[in-house]
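Read through the structures below before going on.
Here come two complexes built around chain A, the first alongside chain B, the second alongside chain C.
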Partner chain A sequence: MTQRAMTLSVKIASVAVFLAIVFIAVPVLIAASGRTDLYYTLTSVALLSIASAGVWLTFYIGRINIGQGAYALMGGYVSAILVVNHGWSFWPTLPVAGLFCAAASVLIGLPILRLRGVYFAMVTLTLTEVARLLALALPITNGAKGMVSIPLPGALSVFGLTIIPDFATLRNSRLAFYLLAVTLMVVCFAVMYRLVHSRIGKLCQSLQQNEELASSIGVNIAYLRVIAYAVSSFFGGVAGAIFAAISQSIYPSSFTVTDSVNFMLNCFLGGLGYVFGPMLGTLVLYFGWDLLFQTGQFQLLIYSGLMIVLMLVLPNGLLSLAAPTRKN
Partner chain B sequence: MVDLLEVSGLTKRFGGLVAVNNVSFSVREKEILSVIGPNGAGKSTLFKLISSFLRPTSGEVRLKGERISNLAPHIAARKGVVRTFQETTIFKNMSVRDNVIIAHHLRSRANLFGFFLGTVAAKADEAAFGQSADDILALLGLASLAGETARNLPHGHLRALGIAIGLATNPSILLLDEPFAGMNHDETMRMVSMVRRLRDLGLTILLVEHDMPAVMKISDRVVVLNFGQKIAEGTPPEIQANDKVIDAYLGSEDEAIGL
Partner chain C sequence: MEQVIANGFYLGAQYALIALGLTLIFALMNVLNFAHGQMYVLGGFITYTVYGQLGLPFVVALLASGLTLAIIGALMEKFLFRTVIRRSLREESTMLLAAATAFFLDAIILLLFGEKQRGVPKIVKGVFNEGGIILPYDRLVVGALALIFIAAFVLYMQYSRVGRAMRALAQDRVAAQLMGVKVDRYSMIGFAMGAMLAGIVGGLLVTITGVNSGIGGPISIKAFLMVMIGGAGVVGGAIAGGFILGMMESVGLTVLREYGDVTYLVIFAALMVFLSIRPNGLMGKPWG
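== the complex of A and B ==
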């Protein structure tokens, strides 16, 4: 009991430290060093880690998902179209984009989630390309020109009380976007943590480890798979919607197959067995890629080589270093 | 005794091959009924048909009068027909206890969202499942291994874990797929007494099996299949004296049919 209380206090302390770093230390340090460009980088990391968290969840039910880019693109367009063409405020488009993607993923997922292994991976890989081509072809998405000059998010008030100020009036909209992205990332990973550590997580694991056995004990595997995939796509859509708002534009090439592959790599790198794997993986991969920029033409070669070595040496991801013994 | 499960006119064709041909029999409450037959007799197909892992070409399976064939496997499980698997079909990377806890799925009162929120009902479910899992593990002699990761278990214990998972679903009838396969004599005898004990606790058991001596020892009644058709049904002594059965096993030693 005391040990349990101790691990609980350790958990609370880690969460407090993490929150202090992302909400206080990072803004203070950036203000002190004057490197405001880092806001954009860190905002991207936060958003990409939300999309990667979705991919991680599909890994958790035993499916290799290389199609998250499709939902990020879809979410971005849904938000942009609602704001630009229909005069919506940005804020309600955020959940709407997520729900739209979740609904679309249910329709797409029902047939394709029956596939396993490399077959599912291949189909999802093409999804991103299909999404890009659709964005090019559909009249509502404005083709290759994309949607540009999307207004910044306006004020959000509830009962006349302004919770979030109009981004356009802010002196430092970069900081505002950073705080928005990080807040959503914290919420997203809190939800994921709760999912995985509740009975639902165990049910997802049961799918991953043996679908036949899971259905023999009465688990509705088709239903559970679709639910997990919908949650995954919801995260992808939300991340895409904020991306569109930050860059104030969205193009068919905003999210490509490369992005989908990166979302997957983030999960691999961080660790498929750890909820916070995609967060760490995204951070390391994003900064790692930038650091390797110095090496010029060898950037991709070194990057790919390192990834291969890491997968060989640390098949369970970076977080397996921190938690090597999970009770034998 | 009351018929719990009725199999009537069950047929399964795979292209030109008739794997199971117009098989009918019934399983009475609280009995152990074994289905035996030479290799390729259609035992495994019949097993999958009854557990709804395959859909019959014709015929049907009824549990307490309610049709359960042509359903999805998880719905058949909900109605009370639960199967185990041959070999190592378990949740390998979970602890033994978690394997059994997760198998309580059908007994949960809270829904998925309730488990996410951690409602009162969900917490009550969790506590009840943990308690029940401990009881089941103790019953099957697995209590000391509760914390072990399932894939590290030795062969005989894996089979017992498979049965524990089946028991956790609280089935009306438990279907065992070759529970004695690959076991030595001692392990087989231990498994025989374990299955007997389950029956004594009030469970109805249908098993498909190769190991004739074990079948003769354990069964209340036996159904014999050959080339997809039922050729005999009766108590173990009746089966051992049946000419058709002896013909089907012609060429094998007497001990193959437990004599």
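== the complex of A and C ==
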């Protein structure tokens, strides 16, 4: 009992420390050092880790998802089209983009979630290509020219009380975007943590191990798979929508196969067995890539070389360092 | 129409050879080799260097491409994939490794050969023009060579001792090991052969389409498509998938021309529908 209470207090303390770091320490440090460009980097990390969290969830049901770029692109376009063509405010488009992606993923997922292993991986990989080609071909997405000069998010007020000020009037919209992205990231990972430690989470884990066995003891595997995939795509869509808002533009090439692969790599690198793996993986990969920028033409060589070495040394992800080896 | 079919047939022969290498590696090790397109590009650049730059005969260049890639493939299997498969808790971890090696090869290719589009002199001059079909002779030669390689590969897998061992390995790894098949050795040979095939196609196609460092990824995706159509890990499936994709591309480019650049969109959509009806492709084994 005392031990359990202790682990609980340790958990609460570490969450508090994490929140203090991202909401207070990081802005203070950036303000002190004057490196405001870091806001953009950290915002990207937060958003990419949301999309990666979605990919992680599909890993959790035993599917390799290399199609998250498709949903990020879709979410970005849904939000952009609603804002530009229909004059919506940005805020309602955020959940709408997520829900649109979730609905689309149910339609797509129903047939393709029957596939397993590499087949699912390859189909989702081509899904990213399909999304790109669709964005090029459809009239509403404005083809290769993309959607540009999307207005910044406006004010959000409930019952006359302004919760979020108009981003265009802010002196430091970078900080605003950072806070928005980080808040969403915290919410997203809280949801993930809750989901994984709920009954559904346990059922998902049973899918990962053996679908037939799970099905034979009465788990509705088709339903669970679609739910997990829809949640995953929701995250992808939301992340894509904010990306479109930050860069104020979206193109068919905004999210490509490379991005989809990177989302998957983030999960692998952080560790597939850990909820917070995608967050760490994204941080390390994104910053690693940025830091190696000074090496110029050798950037990709060193980056991929390090990735290979990391894979050889820690094939189960970075977080497997912290956890005691469960084998043996 | 004859022209379209001839083009499709020629494309299909190339594609089938690419897909064969990918499917071989998958069948033996359950590894989805993301770096397959990059291996193809590397093969192309080696032929470009040996045949185009040094002026040695084309056959020598092709051999050099195949041999270099075979060595690279063998080393990759021995030092990278084998280690990760042994240490990792989940089999899928090899995908990260495969993606990383793809990036790595991309970087090396970019450093060594630059980003320019490269081509080589034609291997045979002249154009075949009869019965409404126009095909340059070099395409005919390359197509025929591809068919010869496919036939040689199939015969080798079917009748040689090594081929038999590899087929046993693909069927059931544990059972093969129990029957005394040296699993490690044949995994390495298989990976080397898969890489070699990619290198050879790269060397063949550089004479026609040329090569540049950016086409590795798209080639990999095409290879995945073919393998999905035919079924992963099956030799016959890879050949069928290659020819089907080649034909669809050729027909699609002609029929759908007036709707813009939608051929691949249509192919992808058709593939989704097809896979929802037949999840394992034409001849694939169920996964799991």
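Rule of thumb we're sticking to: the second predicted complex is superposed on the first by the 324 of 328 C-alpha atoms of A that agree within 3 Å, B and C clash if a C-alpha of one lies under 4 Å from a C-alpha of the other, contacts with A are read in each partner's own complex, and residues count from 1 in each chain.
Going forward, contacts are C-beta pairs under 8 Å (C-beta built on N, C-alpha and C of every residue); 3 or more make two chains touch, one makes a residue touch a chain.
Since the model is a prediction, treat every value here as computed from it, not as a measurement.
**Q** Residues of chain A touched by chain B versus by chain C: which partner has the larger set?
**A** Touching more of chain A: C.
**Q** May I ask you to decide whether A:300 touches chain B, chain C, both, or neither, giving the answer as first, second, both or neither?
**A** It touches chain C, and chain B stays clear.
**Q** Output check: A:198 vs chain B and chain C. Expected answer is one of first, second, both, neither. What do you get?
**A** first
**Q** With the two structures laid over each other on chain A, which partner does A:35 touch: chain B (first), chain C (second), both, or neither?
**A** neither
**Q** Where does A:209 make contact in the superposed view: on chain B (first), on chain C (second), on both, or on neither?
**A** Touch partner of A:209: chain B, not chain C.
**Q** One more residue to check, A:220. First (chain B), second (chain C), both or neither?
**A** first
**Q** Check the residue A:11 against both partner chains and state whether it touches chain B (first), chain C (second), both, or neither.
**A** The answer is neither, since A:11 touches no partner chain.
**Q** Go through the superposed model and pick first if A:315 touches only chain B, second if only chain C, both, or neither.
**A** Second partner only, chain C.
**Q** Which chain A residues are contacted by chain C in one complex and by chain B in the other?
**A** 327
**Q** Which of the residues in chain B come into contact with chain A in the complex?
**A** Against chain A, the touching part of chain B is residues 51, 53, 72-74, 77-78, 82-85, 89-94, 98, 101-103, 105-106, 108, 112, 115-116, 118, 122, 125-126, 147, 149, 165-166, 168-169.
**Q** In their complex, what parts of chain A are in touch with chain C?
**A** Per the touch definition, chain A meets chain C at residues 59, 64, 108, 111-112, 114-119, 121-123, 125-127, 129-130, 133-134, 136-137, 211, 257-258, 261, 264-265, 268-269, 272-273, 297-298, 300-301, 303-305, 307-308, 311-312, 315-316, 327.
**Q** Where on chain A does chain B make contact in their complex?
**A** 194-195, 198-200, 202-203, 205-206, 209-210, 212-213, 215-221, 227, 327-328
**Q** Residues of chain C touching chain A in their complex?
**A** The touching residues are 26, 30, 32, 34, 80, 83-84, 87-90, 92-93, 95-97, 99-101, 103-104, 106-108, 110-111, 217, 221, 224-225, 227-228, 232, 260-262, 264-265, 268-269, 271-273, 275-276, 279-281, 284, 287-288.
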